[in-house]
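Heads up: the structure comes next, in structure tokens.
The chains carry the letters A, B, C and D, assigned in the order they are written, with residues numbered from 1 in each.
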Amino acid sequence: MMFQFENFSDFIYMAGHGQYVWTAYSVSLIIMAFIFVMPLFRKKNIIQKIIKKNH
Amino acid sequence: MNNIGFLAILRRDLLLAVRYRGDLANPLIFFFIVIALIPLGLTPDSKELSEIAPGMLWITALLASLLSLDGLFKDDFADGTLEQIIILPQPLYFMVLAKTIVHWVVTGLPLSLLAPVLGLMLSLPETGYLPLMLSLLIGTAILSLIGSVGAALTLPLNKEGILLSLIVIPFYMPVLIFGSNMVVLAVDGLSIASPLAIMGALLALSLLISPYVTSCALRLSIYG
Amino acid sequence: MPDPKNILMNQASVKTLSLKDLSFQRNEKFLFSNISLTLESGDILQILGQNGSGKTTLLRLISTALRPYSGEIIWQGKNVNDIRESYLEDVLFLGHQPGLKRLLSAEENLVWWRRLNKTNLSKNVNAFEEVGLYNHKDEPCNYLSVGQLKRAALARLYVSEAKLWILDEPFTSIDKEFSIKLKSLIVSHLKRGGIVVLATHQDLKIENMKYFSISDLSGATSE
Amino acid sequence: MASPRWFYQISGRWLPWLSLLTFVSIIIGVIWGLGFAPQDAKQGNSFRIIYIHVPASFLALVGYYIMAISGAIAIIWKIKLADVVMKSAAPIGASLTFIALLTGAVWGKPTWGTYWIWDARITSMLILFFLYLGVIVLQKAYSAQGLSNKAAALLALVGTINIPIIYKSVDWWYTLHQPATIKFTEAPSMHPDMFQPLLIMIIGFYLFYVTALIVSMRAEIIFRERNTSWVKELALNLKDKRPI
């Protein structure tokens, strides 16, 4: 179990398939991060609204 | 005891449908128009048309049946009879079944009987006519049953046009697959036993489950 | 002097309807909670409250059209969900809407309704004469005015054998003369041992009438 | 006991650890899958997309059943928490299905030359996405909040009956028209070096699903109980800690 690519640029290029692999990974991870973070913001501004309401 | 409600609703709705034949024709007209579009959009060449005829006939019949679905409970809901039906002593299951059967008789049945004529227009080979009618007869019954669930769920929403189709179409897909495939097999001269058996199973399943789910949905959404 | 009401009926046929801490929630808020009351044959309950306070909802709960959030409705000592069929045979519910198919005539609507509900076919009273619609009974309902539609719906009261009447604003859009007739019909129903639960703003002045008001503090009952 | 408030407090304590665990497992899985797993003999490096595609489609399906079951519990036993679970599970499931579709399409380009191929697995995933869409749109359609969840829960329940039928009929349909081709998203019998990172990623995705669900449930609970006393009190002492 060792690193499959000679160097970093080969790792990015991935014998031609790099663009597909990286787009798939990055878009998916961005969407997952978005799902995780969005409720936090939602909760934050509900709490802010509550604070403003009975300030 | 149970069938009083069933027969009463069946008779009443059939009477209404027959007395006001106007909207009986809508699904048929839709069917005609869309089938007439296909050669214009694709090709007048009869060989190519017969390739796609089963699929197009089935898709158009499916959409025609979907078109008239939202009226299933709509007018009963509007004039307050649905409220009365829900608190009748007889079980709601049979009354919903009666309404679904009337919807099938009004849309599915005429579509199936008319389909071979339109098959002619799409140069569907003769061997396909009877299987097309058979598959549509069973298929539109399943479509009406499943569709009644969607109609009940979107009952109180007045701008629900696309929502009803979005809810119902995923459930229509297996019926479309087996229905149109039955005609394709028949056209190729193969036996249509297996898709026919599966269609029968789908019919039995939806006959059992859909009216029950629809009556739950009605109780839920009547005061939306 | 014993209450005349009880003399008329032997104990066997006394019907009882009781609500046990009934509550209902709409949009996470309690419209009303733990309402408890009991009605017997010959009782009439008027539900008061501004519009939208839940009067209609309470009537729909009693008629099992709506399921309560908690609590139960008991008819003849048994929960209505267990005896749904026999309970609903004894119920007549008239809602805001007349509940008539507009494309059918008033006569057809009543004939259809009678087939589904326990109605006294032998009674030769002509319901449409009583409600003054005799010469309109064969036209499709969409030719009738709102008042006539209401009376066509009220025609059911004349033929129904149901013991429990649940009426939602029965007196709206009907004229003075007919509302007197309706009131006397209700009184005779009570005398025959029936129970009436109705929501109306009219002051009916029927003796020993019970009131129940749904104010914003839920469950306040005033006897 | 299973009141939303109780859940909020319990989840508050466990959330940091859970999200840390999720983050770590996904990072390990990604690095392992991208850098250290061997490439596939036929498909070369594009095969690495499997480490996102398979867990996502797996969770998309499991997520639908979680949503439907919690919806059923909410209708039958009227448990508020189950209703919150259903409301939060729908968008997460839909996004995971979208990820599965996206990665499947991107994967199709190097392997099949086009972004969209009507492969059995991809088509069933697309229909599953429509099912999710139907539930979400129905949830938002009713004005009365409680009602829309019940209707959506009923639809989700009926959907669970439909999913096996859809998968079977799409398979049947696919093998009918292209009998010979292999279903490329089927994970071929994999070399252990390839399989271990996949296992890590599946665990990582499970953890992610649970944490994302908890986070979105907490927001939903705060929203639903916004005018209760415990939420107000919580909001006020949050204010003292970091003045806004």
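Side notes on the structure shown:
Note that in this section contacts are C-beta pairs under 8 Å (C-beta built on N, C-alpha and C of every residue); 3 or more make two chains touch, one makes a residue touch a chain.
Note that the coordinates shown come from a computational prediction; the quantities given were computed from them, not determined experimentally.
Note on connectivity: the fewest chain-to-chain touch steps from chain A to chain D number 1.
Among the other chains, the CA centroid farthest from that of chain B is the one of A.
With centres computed from Cα atoms alone, the innermost chain of the structure is B. Rounded to whole angstrom, the centroid-to-centroid distance between chain A and chain C, based on C-alpha atoms, equals 61 Å. For this pair, chain A with chain B, the centres built from the Cα atoms lie 45 Å apart. Averaged C-alpha coordinates put the centre of chain B at 38 Å from the centre of chain C. Per-chain CA centroids place chain B at a distance of 33 Å from chain D. Every pair of chains meeting the touch criterion is listed here: A-D, B-C, B-D, C-D. Within the complex formed with chain B, the residues of chain C that make contact are 60, 63-67, 84-86, 88-89, 91, 93, 95-104, 108, 112-113, 115-117.
The part of chain B that touches chain D in the complex is made up of residues 149, 153-154, 156-157, 160, 163, 166-167, 169-171, 173-174, 177-178, 181, 198, 202, 205, 209, 213, 216-217, 220-221, 224. Here chain D touches chain B in the complex through residues 127, 130-131, 133-134, 137-138, 141-144, 147, 150-151, 154-155, 157-159, 161-162, 165-166, 169-170, 172-173, 176, going by the rule given at the top.
Looking at the complex, you find that chain D touches chain C at residues 78, 144-146, 224. Against chain D, the residues of chain C that register as touching in their complex are 25-28, 69.
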